[in-house]
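Multiple structures are listed underneath, in structure tokens.
You will see chain A twice below: alongside chain B first, and alongside chain C after that.
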Partner chain A sequence: MHLHKYEKIWLTFGIGALVIFLIVLGYGAFYKGTHPQSHGVTIDQNNIESNEAFKPENLGLTKVDDDKYIINIAASAFNYDLGKDEEGNVVKHIRIPKGSKVLFQATSKDVIHGFNVAGTNVNMMVEPGYISSLEVAMNKPGTYTIVCNEYCGVGHHLMYATLEVYE
Partner chain B sequence: MELAKKMKETKLTQELPISKQESKLYMSYISVAFIALLIGGLMGLLQVFVRSGKFTLPFGIDYYQVLTVHGVILGLVLTTYFIIGFHFSLMGKTVGISLKQRRVAWVAFWIMVMGTIMTATTILLGEASVLYTFYAPLRAHPAFYIGLALVIIGSWIAGFVNWSQLAVWKKAHRGEKSPLLAFMVTINTLLWFIASLGVAVAVLVQFIPWSLGYAETINVLLSRTLFWYFGHPLVYFWLLPAYMAWYAIIPKIIGGKIFSDSLARLSFVLFLFFSIPVGFHHQLTEPGIDSTWKFIQVVLTFMVIIPSLMTAFSLFATFETTGRRKGGKGLFGWFKKLPWKDVRFLAPFIGMLAFIPGGAGGIINASHQMNAVVHNTIWVTGHFHLTVATTVMLTFFGISYWLIPHLRGRKLTPKLNRLGIIQAIIWTVGMAIMSGAMHIEGLLGGPRRSSFSEYGGGEQVHAWIGYQMAQAIGGTILFIGIILMVFIFIKLTFFAPKGEEDFPIASEEEDAEPTPPWFENWKLWIGITVVLILAAYSVPVMDIIQHSPVGSAPFDWPIGR
Partner chain C sequence: MSNDEKKKANHNEEKSDLKGTFVSVMILGVFLVISWIGAFTLFLSR
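Moving on to the complex of A and B:
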């Protein structure tokens, strides 16, 4: 089978670029630890309280250390349960100081949901039976909308919360 | 000896006449596709209106019901019917169809129609607002899944007929290479069969028993994995018929020859290898799949770039060679010699151009880490409206302009050609606005598959709504394009003047190198495909099954059942 000279050049260049690209992706993933979230941690979706992180009192924001936080989220159609504040009101807005390290942990009580802190890399599928988790540094101040970005039913577009990163 | 060789070659490029009965079969498939275009397009219009925030659906119709119709009828019905009609036309023209094969093809058609009606009914009754991906544990009415299974089974039967058509031809032409287009159809039906086995297993083994109540729970992650094992090759099943037209039909339309028969076959074989073992790149943000396996499938995904680069080279080489033969001078003079006023060329050509940003967007989507920026945002919707709704659709329209009059014994008149050009331009403008706005909104975090919502306000949401307004404008322009296309379809089918329209099939250069006979080694191609699939999927699927959480009971109320 014959390859035209120009086609050889074109393919060599193209495949070369592809190889470099894949090496960059692999380096980032395996040496810099930038894999997308995949922990394979399971949970009983019919009884998420059996897991310490998803007991009602542990939902929402918890300060672990200076600049270190955990946010536990129990997703269900069509709501993110972020726990209750001191007065017993439902939390829909979370505030964290700029530069904090935040560990997001989410699970679903019913169907599949999405969890996206819009405009950031915090973008996870939330599925019954699994715990989705991702640790990120929140460095850019602003108010971010948290949206469910996987269809979960007729009220899907009403499933949201907000996250404020303050200076 | 020379004479014998020449005679053989004329025999190879021989084109068979298409009988009236055959035409009826092919046109039946294609007609369903155009009906689907009209209905699905109307749903699309309603969606962009709703998302603009200025319009609410009347009679209590749910946004997600409309969205389910849009996805199922355009993504599954339009594409599958048009492709099967096109496949049959190509096979009928190049290798012929027997009476028995034609009868079986009709059986396939009616099984598909029955399945389509079953599925459509459940959606229209509001019993299946699960979108075309039907992710468990949302549960639709069992008839939704049974209908889908029938569509798939019908499409398999159609594919088996294609295989038997080639087999019969090969028996009568021992030692000859199969016609290029018949080879391509066989690859695409093979791809479809191997890929849809995944979704068929999910539907038959998991969804149907579970939706009927025989199985109490379902393994959600396994069902998603089986779906995406099918879902990615599905897009190549849409794309390859467009490539058939680009490789083997467009050269004839512009008055040129096929650049290289062997390279065309090689690229199709590579697409067969590398479009299936790659479904994990749709599941990159999934919590239950090991990241190393995700990365392995990401690498396999990117292998399709190689045949894509080969295709781009071949097409532009054909364009340049042809333009130069027609007297085009200088570095770019050949470009002007291309038949820009022929819609059979212009519409697919715009489709090719759209595939440049479309393909680049696809690379971003599958890029392991970068995926997190765009996953499930409306960027993805913008992406596949460039690839399938522009590249593939404009090529299918380009095919329709000659295929329909050819089958109906009519002519594409200059007036209809002009209307077609206007249609292609309307489509391009509408899509540039709509898809462009979707891409930008997606980068700003705007979600896909969501009805209008202010999400409690905020700056980000305001920006999204602005782009949703632009999508409504683009979508409206596209709907005008759909009306125009359906009008052209009706004209070409029933009212265009009687005559003979050419079925353009390009031939090779006189001095083309012979295609190596090993291209006909189907066992080898299927063997490599299966090995790649087993290598990419065995371990992670075992892992998913062994480490699965408790199964999920069905949920009806979230979709309003």
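Moving on to the complex of A and C:
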């Protein structure tokens, strides 16, 4: 088969790019354990309390280890339930020391929501009946807004909270 | 078509000018690579 000189160059370029992209993808998936945020972990959407993580007392921030935290979020129209503090007030502001690893676990009681910590990689669909989870290292100090980025109804814009990463 | 003419036609095809195609393919390729690197860097840095 005869190939034009230029054809050989662009075929090499194209196939090379494909190989590089696939290697990066494979490395992320098999070595770093990257997976879709919702990957078949189910829950009863009408009784999310039946799951240990979404019991009212376990919602919000939990310290697991020195720089390991878990944040459990129960999303519903139109609120992110992040639990209550010691005085019984609703939590809308979470503080985490810089450099900690945070595991976000979220589920929805009703419709699909979009859990997004604006300005970070924490961005996941939250579907009723499923638990979405994502572990992220919070390395940049600052105050981030948690929003819902999946239109969920008339009160969509009321679903927000803040996450502060302090030094 | 005589044999000579056939030869000439083949010859012309082999020498077809693909410079324009090459440049457009490379422009597209570079654009794809730059956008991919941009998105990936954004993912790694946040």
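Criterion: the second predicted complex is superposed on the first by the 158 of 167 C-alpha atoms of A that agree within 3 Å, B and C clash if a C-alpha of one lies under 4 Å from a C-alpha of the other, contacts with A are read in each partner's own complex, and residues count from 1 in each chain.
Note that a residue touches a chain if its C-beta (ideal position, glycine included) is under 8 Å from a C-beta of that chain, and two chains touch if they have at least 3 such contacts.
This is a predicted model, so every value here is computed, not measured.
Once the two complexes are overlaid on the shared chain, A:H4 sits against chain B and chain C alike.
Contact with both chain B and chain C is seen for A:G119 once the two complexes are overlaid on the shared chain. In the superposition on chain A, contact is made by A:S38 with chain B only, not with chain C.
Once the two complexes are overlaid on the shared chain, A:L18 sits against chain B while remaining clear of chain C.
In the overlay built on the shared chain, the residue A:G99 is in contact with neither chain B nor chain C.
When the two complexes are overlaid on their common chain A, residue A:S132 makes contact with chain B while staying clear of chain C. In the superposition on chain A, the residues of chain A contacting both chain B and chain C are 2, 4, 6-7, 10, 14, 21, 119-121. Residues of chain B that touch chain A in their complex: 62-64, 129, 131, 135-138, 220-221, 260, 262-263, 266, 283-291, 294-295, 298-299, 302, 305-306, 309-310, 313, 317, 367-369, 371-373, 375-377, 444-453, 455-456, 458-461, 513, 515-516, 543, 547-550, 552, 555, 557-560. The residues of chain A lying in touch with chain B in their complex are 1-4, 6-7, 10-11, 14-15, 18, 21-22, 25-26, 28-30, 34-46, 77-78, 92, 110-112, 114, 116, 118-133, 142-145, 147-158, 160, 162.
Listed in rising order, the residues of chain A touching chain C in the complex are 2, 4, 6-7, 9-10, 13-14, 17, 21, 24, 119-121, 140.
Residues of chain C touching chain A in their complex: 14, 16, 18-19, 21-22, 25-26, 29, 32-33, 36, 40, 43, 46.
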